[in-house]
Structures are given as C-alpha cells and as structure tokens.
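Below is one structure. I have some questions about it.
Letters A, B, C and D name the chains as they come in the text, with residue numbers starting at 1 for each one.
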Amino acid sequence: MIDKFVRSAAEALDGVPDGATVLLAGFGDVGMPMALLEGLIEQGAKDLVLVCNSGGRDGSPVARLLTLGRVRKLVCTFIRAASDAGRLLLAGKLEVEVIPQGTLAERLRAAGAGIPAFYTPTAADTVLAEGREVRDIGGRRCLLEYPLPGDVALIDAWQADRWGNLTYRDTQRNFNPVMAMAAPLTVVQTRHVVELGAIPPEQVITSGIFVNRVLHVPG
Amino acid sequence: MADSFTPLDRDGMAARAARDIPEGWVVNLGIGIPTEVGNFIPDDREVILHSENGVIGAGPAPAPGQVNPYLVNAGTQPITLRIGAGYVHHADSFAIARGGHLDLTVLGAFEVSETGDLANWARAAHEPVKQIGGAMDLAIGAKRLWVIMEHTTKDGAPRLRRRCSYPLTAKGAVKRVYTNLAVLDVTPGGFVVRDIIPGLSFEGLQARTEARLSRE
Amino acid sequence: MIDKFVRSAAEALDGVPDGATVLLAGFGDVGMPMALLEGLIEQGAKDLVLVCNSGGRDGSPVARLLTLGRVRKLVCTFIRAASDAGRLLLAGKLEVEVIPQGTLAERLRAAGAGIPAFYTPTAADTVLAEGREVRDIGGRRCLLEYPLPGDVALIDAWQADRWGNLTYRDTQRNFNPVMAMAAPLTVVQTRHVVELGAIPPEQVITSGIFVNRVLHVPG
Amino acid sequence: MADSFTPLDRDGMAARAARDIPEGWVVNLGIGIPTEVGNFIPDDREVILHSENGVIGAGPAPAPGQVNPYLVNAGTQPITLRIGAGYVHHADSFAIARGGHLDLTVLGAFEVSETGDLANWARAAHEPVKQIGGAMDLAIGAKRLWVIMEHTTKDGAPRLRRRCSYPLTAKGAVKRVYTNLAVLDVTPGGFVVRDIIPGLSFEGLQARTEARLSRE
C-alpha cells in the first residue's frame, strides 16, 4: 500500500544534503510550508541554494534561514534593501539572483515538464539580458532561458491523501503545483488529511505522482 | 500668466483611469496607485481583475474582521473574490500575462519615454538589491499597458522623458499615461495629450514635461 | 453584464473566415465538440488548417469536413492509410503534417502561454528532425519548436457559466484547456449551463477569460 | 538437436512483464500488448497507470453495460478509474511523460537495437501516412523504457537488431525487452539474456536474433 505520510518534520526533511537546491513555495506567507521550513532549520543542511519568490519579511522562517548563514545563494524575484535578506546581500554574505516572476515560474515549469530550454520576450530589452543569448523570433527580441530544477521542493497544501494527491485553498496554490513537479524529492505539509478517493479526480490539483512525503500540520 | 490648478491626488488619478476601463476587460492592476483603480470600478461594471499570484476575478479589500488569510493579491494584501472567480497556479498565471490574455495592465513607473519605454524597477542598472517582481512579464504581455504616476518627481524633475534615464522594464510597451496633471497617449509621433486637469494650460503641461507633447 | 452565451451553432461559428486555422479539441470522440463541428460544416468556411489529434474515424464529422474538401491542411499526431483522411492524403487531396502528440500539446501550450519557441528532446533523433534546427543542451539533442496558435478553437465542456468558466468530465478534458488558451476566438459547446458562482473557484479548469462564445448543447 | 518449446502468447508476455512492476511505480502502458499488462497487475498491488489523454490512475476495462463514454485510455478504449485517480489536460499529461515522472513506460515495437534504439512508428522513413501518437515523447521521457514484442516477425525475421532497419522513434532509450521467447536487458555491452522460456536454449535464442546476445 502506498503511504507517503511521515510522522515528523525531522522525518520529512531527512536526507536533505548540504548544497541542495531547495524550492520553497509561497507568495508572502500564503502557501509557504512554515513547519517544513522550521524543520529544515532544525535539520541543519547548509550551503543551500534557496529558490523562493522573495527574501521574506524580517523575522520570518525564511529570513531566519538566511540570517543563520545556511543559504549560499537566493534566487528570487525581489529583495528590499531594508530587510534581513537585503542586509546580508549588501554585507556580501549572501549571493542573490533576482529574476522576473514569470520567468521564475516558467523556468520551474520547464524543469517539471522536461523542456530543456525556452525563449521569452520578458526582460529581453533590459539590463538582465546583458551578456546572454538573445534571438529575434517573429520580429521580437527573446531571451533564452533554462529550467530551474530543485533537489527538494517544500510544498504547502490544504488536503492530502496517502498517495499525495493535493488540493490548495484560495491563493495558497501559487508556486506550489509548479514546484511540486520540479524536484525529485517533493515534501508536503498539509492542513487536512483525507481518505484516498475523497478528492474527486477532477479536483486533484497536484497529483500524488509528484509527491514523496506528506506531513500533517493541522490548523 | 501662471496657471492655477489642483493636481489630482492618488484617488483622483485612480478614479480617472477607472473611468476608461469598459465592462468585460481582463485587467491586471500593479502595486501602489494602480491597485486603487479597482476601488473606482462600479460593482455593476463587470471587470475581471487578474492577480499574478493566481487570482482571476479579484474583488475589493475585505471588511475588517472578514479577512481570509489564504486570499491575497500580488501585493500580499487581503482581498475578496468576485462571484465567478477562479484560481490558477503561478506558471498558468504568467501564461495569462505573457500570452496576451490581459486586455489591460496598469503599472506604476519612475519614467515613461515618448516611445513607450517603461522604467519602474530600479534606480540604477547594476545595484545589487533589485525589485523586479512580475512587472517585466506584465509589461511585455498585455494587449495595452497603461501607467499611472505623478507627472514629475517631488523635486519637480520630469518623468515623461525623451528617453528613460533609469533601467528599462520593457521597451515600447506603454500605450497611455495617467498623471496627476494629464492623460497622454503614446503614439508613433510621441506623447499626445488627451486630457488636462482644469486650470492647467497645454504650455504649462509642456513646461513640466521633458518629452515634446502634441495636442490631439 | 458579461454574457457569452449564443443561441445557435450558426451564431457560435459566425465570422470564421476561409483559410482560418481551427483548433479542434478531443481525443477520439471524447471531448470533441460535435455540434460546433457540424456548425462549421454548415457555416461553409473553406481552405482551413485543421489541428486535431487525429484524422478521425470514418463517418465522423471530422472525416466529413475533410471529405467535403474544406480542409487544406491537417496537423495531427497520427493518420491511418485505411481512413478517409489517409485516402485523401494518398490521393494528393489533403496536405498532412504529423507531429508527436506531446510536441503538439506543448506547441499549443506555448501559443497560449506566450512562449515564442522552446526546445524538446522529442523526435530529435528521428527523421522528423531532418533539415531542422537541432541543439545540444546538457548533452542531449533537442529540436527547436514553435507555437501553434489557432484563429479559432472549438471546445467541448461539461459545465459553463455566463463568463465562460468551464469544467470537464473525466477524460473529456484532454486538449480542451490547452486549445482554449491558444486562439483569439474560443468557442465552446457545453453540456450544462450553471449560474455564475456555481463552479467553486478552486474547481474552474478553464477560466472564462479564455472563452468568447458558449453554446448550450444538452445531452 | 532441435529445441522443443512453446512461445508465450500475448497474455503470457503481458503477465511476464507485469511480474516485474513493483508497487508504487507510475507506469504508462502503450497501445496493444502493453495495455494488457494492466490486466496482470494484482488489485492489491498499487501501481499507478498513466494515460496520455490525461488519466493518472487508470483502472481495468469496465464491466459490460458499465461503460462511461467520457472515460477512455490512450487507445480510446473505455476504462475505469482507480480510487485515488486524477485528471490533467494534454500538455500537463505530456509534461509528466517528458519531465521524467514516469517510473516506467512499456511500448510495443517493430525493432529494438542492441544500443537501445526503438523503432515502432513507421515501416519507411518518408511514407506519407504516419502514426506517431505519443510514442516519441513517452520514449524519451520515462525513467525506464521496456518493450514488449514478438521475438521475430511472422516470417521469422529477427527484431532484436544490431541496428534498426526501420525509422527510429528514439535513440538509446530501451532498457529491457520482453519477447515471446525471452527477457533481455539492454546494457552498454548489448543485449543480456535474463530469462528464456522453458525448452529453448541460449543458442536457439541466438539463432533467432540478429544482435549478439550475452548470458547474465
């Protein structure tokens, strides 16, 4: 019987190695798997590459992971000077790559979908294109972009069954379904546990085939 | 002869832009004044607001005590949903933006050039602390890009420029600009003034603008 | 008030011009909008480019559109010699482009998602790559592929509301959500009409923002 | 000394392959004999069958009179669903295939080469009538690709070849072949025989094979 539930955050994060690329879903705090992030802080892996929409508000678990010096590089879509992440960056203690949000989403999607590269007009006319491959397609400048796979993805769900089928509530969805497909180890925290079959097949948003471990984190 | 006029405030600019959005349009409202445009679209005019974090059919801010912590907009502010709304994930949400499915995107800006270049994400090309967010994707993808911004900086420096002095977000993308002084279209011939606030002359507006203006 | 319902197939297909590229969803008969296809036959547009998973079983509306000589070119993933489509092809009366099914789906997706080109390993080592742009990415041969947009998409849904929000039943889904995004004119036939708001926001599969016209075809 | 043996029939080949599929794998079964593999996976072994038209968790054929016309597999045959199944659209379905999310794909073939090349879609490179379907995407994407096919053609011509004579579906993709005579792994050293049906000798198998075989 397939059963992907684990009993603790320690079990959920077991084996994440130093140097791992961690895909962390969420937009602000919404859809961010806070218990797994705390678990990652406990677990101890360091020299991480963290892929996350932003550097996080000060005092948040993301900011804590950064200020603990556990992250070598942050890939995100924005960062403020007046934030923990910004201060670490300006102090030379954190490598940061800031990319457009749609390009981040599409690079993650490409990683999950087996697309080895794609072109996008996004940022092609900006300084972000400096020194990079640009191609004219249909009269439009386009940038070549590559997939952004993770070693592990940390996911926040509303419901999960033992196969790892997931639903999300409202804008909790955001990066979660995309990141869940983009790493060989996908770890989920879910608010609710449901019986297999309780999620109607038309309403499964992330299939269990993308999920490896599920931790029940109520409320 | 000095002009005597009262520039629009934030609400005035947002309301002015809202007037021009017809029923049925799918619209992304950027962070800042653009978000406030939503407050001035009457309830009975069905405009579908898209938010980058996967909302199609965003509604106004919730009443106090009615906040749903799972429901926020692209500025991570609590919102409500319109009846008929739906959710998508982040890649599908930017497929909407990049794929040309937005009738309109409204963004804030530092500067707009007379060729429609947009600069709204950085003050210097290579500063390490960057705030890109979704603006570049939104700017290149929308059927129409409008900008709402003050006509000049606090120091009086013009923001409607021949060329942008700040790093670009997108090239040739802006179609219309709503400022606290005027509404201007970006045309192949440069900025064309569509509307000026009462009491301000065309010459007075030109004096506050670096780019050359035309009348309609 | 937004109301995308039309009263007849004629109204649904109004204005489809000669020479149009028509995206026709469905896999076999499942998820194929038969009433709209009949309507297209009635409507009279010719010199069409038809994009559809296959040439259709003999006697089907797809085969009828082909044998009526209304299609200049068929883009599909397979065609049998012993079929109407196959016989037309062998008689030199139909241009046919056969492409891999995953590449078809991804080219449609690229059209809807504003991706001007992408690379895929699919077919890169086959005769389908002859004379085309191939690139080594990460040690793997990849083919450059371009979007496949339509002028009109014909869609089959289970439920629709007046904004055009759609659900699908079981494998009716197939190409429908992808094609619905890939054309400027998206026409839907739906089995059921529901009130706006009756489809919970988490369960909308195709958003109404991709839909232009909806025809109610019960049963 | 002639071998005396009974080649496996279609069911026998399907059952033999089914034996090697462990619980928890996500598996795509191609059209033909591969589809029948599903009939030989015991109900209590949870194997998740993927179908290109967007099924994750396909079940066996329905009982007569129980057909759901909206539910078919990649061969457009009526199927049922397993409890726990879900649906995706066609682009997401091939994201699963291309993106490496299938533990196993099982396809039919005309020929397999000793380097794992697969030929299963055309008899001639440039014949106009082509049946490609999803095979090329499935072949390049799966973590493991197995082939089920008769060991030789009806005329006795070998199908396990040094090089494929038919147009390729994918290069170096096949990991294992189940025939009516044997189970063979494709290794860097060519075909290695894992299993031969009772009564057939290694030499007898080699005589029916163009490629050079090795013993385990």
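The rule is simple: a contact is a pair of C-beta atoms (placed from the backbone, for glycine too) under 8 Å apart; a residue touches a chain by one contact, two chains touch by 3 or more.
For clarity, every value in this text was computed on a predicted model and none was experimentally measured.
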_Using the stated contact rule, I'd like to know whether B-C or A-B comes out ahead in C-beta pair count._
A-B
*Using CA atom averages as chain centres, what separation in Å is found between chain A and chain C?*
33
*Calculate how many whole Å lie between the centre of chain B and the centre of chain C, each centre taken as the average of the chain's C-alpha atoms.*
35
*asked:* Distance between chain B and chain D based on Cα centroids, please, to the nearest Å.
replied: 55
*asked:* Using mean CA coordinates as chain centres, what's the gap between chain A and chain B in Å?
replied: 29
*What are the residue numbers in chain C that touch two or more other chains?*
106, 109, 113-115, 120-121, 168-170, 173, 201-202, 205
*Touching two or more other chains - residue numbers and ranges from chain D*: 81, 87-88, 91, 94, 97-98, 141
*If every chain is a node and every touching pair an edge, decide which shape results: line, ring, star, complete or other.*
other
*Can you name every pair of chains that touch?*
A-B, A-C, A-D, B-C, C-D
*chain D contact footprint on chain A (complex, rising order)*: 1-2, 109, 111-115, 161, 163, 165, 181, 196-197, 199, 201-202, 204, 207-210
*Mind pulling up the chain B residues that touch chain C in the complex?*
23-24, 26, 46, 48, 50, 56-57, 81, 83-88, 91, 94-101, 141
*Name, in rising order, each residue of chain C that touches chain A in their complex.*
106, 110, 113-121, 135, 137-138, 140, 142, 146, 167-170, 173, 201-203, 205
*chain A-touching residues of chain B, taken from the complex the two chains share*: 51-55, 68-72, 76, 81, 87-91, 93-94, 97-98, 125-126, 128-138, 140-141, 167-171
_Help me check something: in the complex, which residues belonging to chain C touch chain D?_
27-31, 77-81, 86, 89-90, 96, 98-103, 105-106, 108-109, 120-128, 168-178, 205
